[in-house]
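Which chain is which? They are A, B, C, D and E, in the order written, and residues in each are numbered from 1.
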């Protein structure tokens, strides 16, 4: 064990250390200024992000409870990056918040949970990671303590995810019962086409689908996203979702590869429903967070499309897309959080004439939305193209056609926002908003990422070499 | 207890599971919904324990899983109740049907 | 029909009836008590198959912890005395149908399946064994989940505290308000901010 | 000494003048533009005469046959190894004749306009357009390639459009210009398709090759003649379509409707374009392709003949009823061109039988002279009277003696009274018609009589009849225009008198060989007598104001009315365009576009929106319903993927 | 040495510099400088290309440059040009330059306006030089969204609706293209089960005929939407009419050409057998577009609508030429693209200039403008004349080439279609003359019209540039023909080879 142990688990170890450090800060209560605290935390998170990039050591620990490789390190870095950006964006929101440190403790605990979850090779660890990343998140949803919607969203989050975990656990229990093991590696060859196992697999799958908010298991998403504090929504829609996608890929590819015919079909149906329903709902939303929720549901459809290929390219496309998605979605959420923090306005109609006074923020929003819509030259285009290309390898052209045509529908609602911002006239547009420096940094990171990531072919190739292994 | 086998347990847990689901879908009080969740989790525990006992007694995987589920159930219940209480403060009700300010 | 069978059925009856009553009773307090019975029945079931440790945990955690928590929260939310509202007939029928259908389907699937026991000799689920495995890092060691779950408990605890704690001070955020004072405060804030931050 | 550069200069000088005036002249020396144009045209004319002289008498005759000479050919647009549009110059008797006519008439018009258009606001623009037209027309007649001809054909059309619409604030002028362009455009469609047909079978666009390919009896030609489409052979189709193009430009019935309206343009323009040059382009076109018509496809030639004949008689009848002097002249032009057309139509290729061809060209030449003269004369009258209507005129012979004399000469010439030029050319035509088609001959001779009648009706109405009443603000004692207007009249009058003596049979024949024309006095008696009769009737009716014409018109009022209304052809066209094309095609097309095609796209959007609205209840905000859907989803997935979709 | 990537870099840098500018004057100056440099460079490429060809360089694509981009999917940055692309590049350079000149006086958000225009041009250049289908698609879509913003922000009339419709329909088209592209990709085989987007290598592969039958319509219709193929043309009238002048010029001048070029390069060239099979359909649809567009134009009363519908008709010719599958017709189609691009840009420029002064585009409200703003009206009339196919201007040459080529197709159906298409030139004459006649000529309808100033220097420069180009093609079409026809010849050979098999 020794240093190897530390290096293999470096992300988790460092996160744990940070959590305890924050706990210590909280108990010590020596730093009174929120701003100082925030700066400290942001710096720590930045170093955590940097640290995540180096000294990568692949390995397996605790008899398969935990393993890691370069792909996972990359995935963890994506999560770290997203968390860092969100932390920067949350600056304005948190600088007056009473429970600042608790926020970070909870947040980093969920991140830790996600790290464990994606590193797990075992259903027990997977389940623990999942719950660790869910339960504190529900508490975070309630973080605007005085806001009705915040508690409503938290209630919906925790109860529906409890229900979903029950379904998932029910499935896991049968998987355990029919194979006698919880270990992915041991279980995989034991999965045969008998109906109870298939049943268990389907229950597990729906559990994942719930977490991914794939239709028809998505209904909690919009309400939770709308009610939660903007930064938490961003976290939910980007980090939480990414981590589930990562583990979902692992589970499908590593564990359930015997069922690939079934899960192709399941994904087929899910993708169709997800993309179509997500779009249909998104086109008539007015609350921008709710709108982004539905748009993120649609995005999940595309991610699943890439995954449905069942190939390494599909996995890399999904991971690549998630990087792009992190930048783009967080950029959009950054602007939303700026606006809602300063003015309390969250409706698309409030954004009319936004461009008159807030040029930079408008462009950030526009670029990020274009990236989400998959419009070149933003990175989203590449992300989506690769997903669709990977998905097309299955030669389900009907599915591909519907997916691609739905990109047009989704363009419509992204353009609605763009239209409100740039085109629509407004007598009283939102005044000039000044965000904190850290928010500005976050936005700059986001648009830089949203523009340049697509051209960074090296990254995609790198992911591809990792997943190809 | 020769004739009390795995299937008895499984059927029992299965019944409990769906009773829990029924409760979750019908109870209008958030706390009772939470209680239904506990029922469901318990049914799953029975499953794990039964599988461990009857099929795979060589390892204690099922048992440990149950232990962790119980722990998590406790944690989940705690957080859920905290949230419910907070909700109650804001809404002055814990009727799930009335908690629908966000929709469509 | 021997004794153990009878015991099992009694336990099963307790569990099922407790559960059924818990999800149908219109008094929330009673509901909690029925749940308690059901959970105790389950603990009995664990005793029945000689998993004493887990049975003990079940009683301690559920009976001593969760049920108490629930009852506590029932008091906190002032809902104990009144009858709870009935679910609408449609909802109840639908839920019942779905649950029964799901249950039958699952049971059907289970009964169709042939389980393959490993046939190996078992490990005694004694507290010693459990304890040593729990803290072991080798094969079948559960130290990592143990640590993770401790983190989870920590997080849950902090979460509970943050959320449930009664806040006496006004909202953490000063939102623009309609009255003149509010605006004044807001404006002051804005100006001080602007000094420090570069405009977006 | 046919220097290529000199030949090229003939069309280039006008276009240079056009460019110079349009770009620079209009702004910096507007009043000198006329001089500039006239000078360039004079040079052009001199060159044309030189070239004609060289060609006809020095260079082109090999043996006894005039050769076609192509001094210049530039590959302009290559379609395939064989098929290309070349910009070239083709000299043969008819093109040489045409350049002389065009440059001469154009020069006259330029000169005349110096006086006529003086003081006009857009004087410079006018001259630039004249330059453009002359260039296009010269390009047309010199074309060595059928597509090149089409190109200049279109350019001529546009210049004509510009010149007709010269008075652009007059709605009638705009309408007339538009009409002229569109009608000829429609006809050009036939020309274009005809070119496509011919070139496809001939595999070339070059006149020389085209004619060779389509007249040499080979298997290929055989296949064209036998490939039939809707009952006619491909070649017939091609030639008829090409003829439609020609008919459009030459205002043949029923595509003539634009010509009378085109008189809205300045009168010198009418003289140039709508009397002497552009309108004979159709005749020129048929003449250019004559070997093909005559040798390979007599049926098409038959069509030409009958259309020509019909046009000539119809136009003549209408001309009798018109009161606008320019319109009378316009119909007479149409009638005379009909003459040329059927003359070509009754001709055949080579030797004695090519008489009609020769006659047609001869008539083209003489007609150009006297018709230009007539228009210029009419222009002078209009210039003085400020009206186009006969009723405003009368008794002008004393006020405008020179105009009077020259006009009379022209009238005599057009009526075919010996020894004026018209007599000779008409005589040949009648001769040719007589020998090949008696029916057409009958029409022709009748037309000749009517021609004489209406020309003299015009003449008497302008210069005799009632006394001219001066208007209050009349300033001149005599009505003659400035010298620049008179000199062209005199020159053209001279030519009209003497042009009949040019030995056309030696110069312009269908096969380039000399055609000895016999002059048969006895044959000439009948037509001349008929023409004289026409004159006498006109004299008796219109010499003085009398009621005789009125009585006559009353007695045949129905016929008169329909002739006066141009046999309602305009109305028929109007019906087709306004009612059928606009209302039954255009409007529905626009409507369909908005309400079906576009609405379909909008409908898609609406449907999507509606579905979205309908399913909004799914997201009811109620947690238990969400869970219920979730649970139903799980069960359906289980059912679907375990039992159905495996 | 020529490097095609410079074509992308120049406008990109210009766009970035524009963003850094602080006042409108700098913005304009920068944009103009960039456009001029770009035009110069394009001309340099043209010159070099012609001289290369003259010295016998018969390589299919010149100035090729490969860079591996996403090697796991065999996506390359692969550029190269042949005569067709060069013609389109020149067109783009000219239209961009004139568009910038015409929009000299944009006062609302000047910086953004020029930025978007330059971004759009990057898309167009990229599209025309790409030889990799992925990159081509990339650039195709780059060119869409700026249009949305251009129309939405600076447009007039029901601009939101038009902008949205345009963006969605074009994206719908590109979605079809994308589906086709993916199917095509998975039907290629470079050996070892890998696939390729490389246009040239796909052209030398045999795509299974069944796949072609499926893919070709997708690609063709998809690109066709950009070219306003019937019945997916309805974005064009609304889009054109609502767009600001420069955007209209771009839209009709360049954007519609993206579609035509795509139909030719990506659909017809790569799937010759399917092109052969679907040729009657293409002809049918495009003939409908030609005739129907022309007749629909007849009834329009708004100058921009007139030109927009006539663009539908004229772009129908492009598809018509492509569908005919003869070398001459293909050449004609390319020429028509260039010609229509220039002509319609000129037309829109003229309409824009008129609108800027009169604030109306209804022909009924205009009249007698020839007296007050002769220069602009001359430009307008010239554009009209070019549109109706006056010899000496580019429209004639292109249309005639198409007709000549079309007639080479010895089949009665094609013949009839050709005659119908020819007939449209008459209708064209009718509506053009109607527009010109009633808006330009006649008495002055509104006394306010007397006070207009004629064109300013920038407007003059723009118009004259376009007119020179139009006349250069119209008077000396051989250079364009010689530039283009060897490459259409090559495409035809590809078709002939495949169909012959």
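By our rule, contacts are C-beta pairs under 8 Å (C-beta built on N, C-alpha and C of every residue); 3 or more make two chains touch, one makes a residue touch a chain.
The structure presented is a predicted model; accordingly, all values stated were derived computationally and were not measured.
Trainee: Please work out which of A-D and B-D is bridged by more C-beta pairs in contact, and write that pair.
Mentor: Higher C-beta contact count between the two pairs: A-D.
Trainee: When the C-alpha atoms of subunit A and subunit C are each averaged to a single point, how far apart are the two points in Å?
Mentor: About 26 Å separates the centre of subunit A from that of subunit C.
Trainee: Can you work out the whole-Å distance between the CA centroids of subunit B and subunit C?
Mentor: 6
Trainee: Measuring centre to centre with CA averages, how many angstrom lie between subunit B and subunit E?
Mentor: Centre separation, subunit B to subunit E: 65 Å.
Trainee: Could you tell me the distance, in whole angstrom, between the mean C-alpha positions of subunit C and subunit D?
Mentor: Each chain reduced to its C-alpha mean, subunit C and subunit D end up 98 Å apart.
Trainee: Please set out, as single numbers or ranges, the residues of subunit B touching at least two other chains.
Mentor: Where subunit B meets two or more other chains at a single residue, that happens at 10, 17, 20-21, 24-26, 28, 33-34, 50, 55-56, 59, 64, 68, 72, 75-76, 79, 82-84, 86, 97, 99, 101-104.
Trainee: Which subunit A residues touch at least two other chains?
Mentor: 124, 128, 131, 135-136, 138-139, 142, 145-146, 154-156, 159, 163, 177, 180, 195, 199, 222-223, 284, 412, in rising order.
Trainee: Among the residues of subunit E, which ones contact at least 2 other chains?
Mentor: Correct list: 168.
Trainee: Output every touching chain pair, sorted by label.
Mentor: Listed in label order, the chain pairs in contact are A-B, A-C, A-D, A-E, B-C, B-D, C-D, D-E.
Trainee: In the complex formed with subunit D, which residues of subunit C make contact?
Mentor: Its residues touching subunit D are 91, 94-95, 98, 101-102, 105, 109.
Trainee: Within the complex, which stretch of subunit E touches subunit A?
Mentor: Contacts found on subunit E: 68-73, 75, 134, 137-139, 141-142, 144-145, 148-149, 152-153, 159-160, 163-164, 167-168, 171-172, 175, 178-179, 182-183, 185-186, 214.
Trainee: Please give the residue numbers of subunit A that touch subunit E in the complex, ascending.
Mentor: Residues of subunit A touching subunit E: 313, 316, 370, 375-377, 381-382, 385-386, 388-389, 392-393, 395, 397, 400-401, 404-405, 407-408, 411-412, 415, 418-419, 422-424, 457, 460-461, 464, 468.
Trainee: Please name which positions on subunit C make contact with subunit B in the complex.
Mentor: 2, 4-5, 8, 12, 15-16, 19-20, 22-24, 28, 31-32, 35, 38-39, 42, 45-46, 48-51, 53-54, 57-58, 61-62, 65-66, 69-70, 72-74, 76-77, 79, 84-85, 87, 91-92, 94-96, 98-100, 102-103, 106-107, 110-111, 115-118, 120-123, 125, 129-130, 133-134, 140, 142, 145, 149, 152-153, 156-157, 159-160, 163-164
Trainee: In the complex, go through subunit B and note every residue touching subunit A.
Mentor: That would be residues 10, 17, 20, 24, 30, 33-34, 37, 40-41, 43-44, 47-48, 50-51, 55-56, 59, 61-62, 64-65, 68-69, 72, 75-76, 79-80, 82-84, 86-87, 89-91, 99, 101-104 of subunit B.
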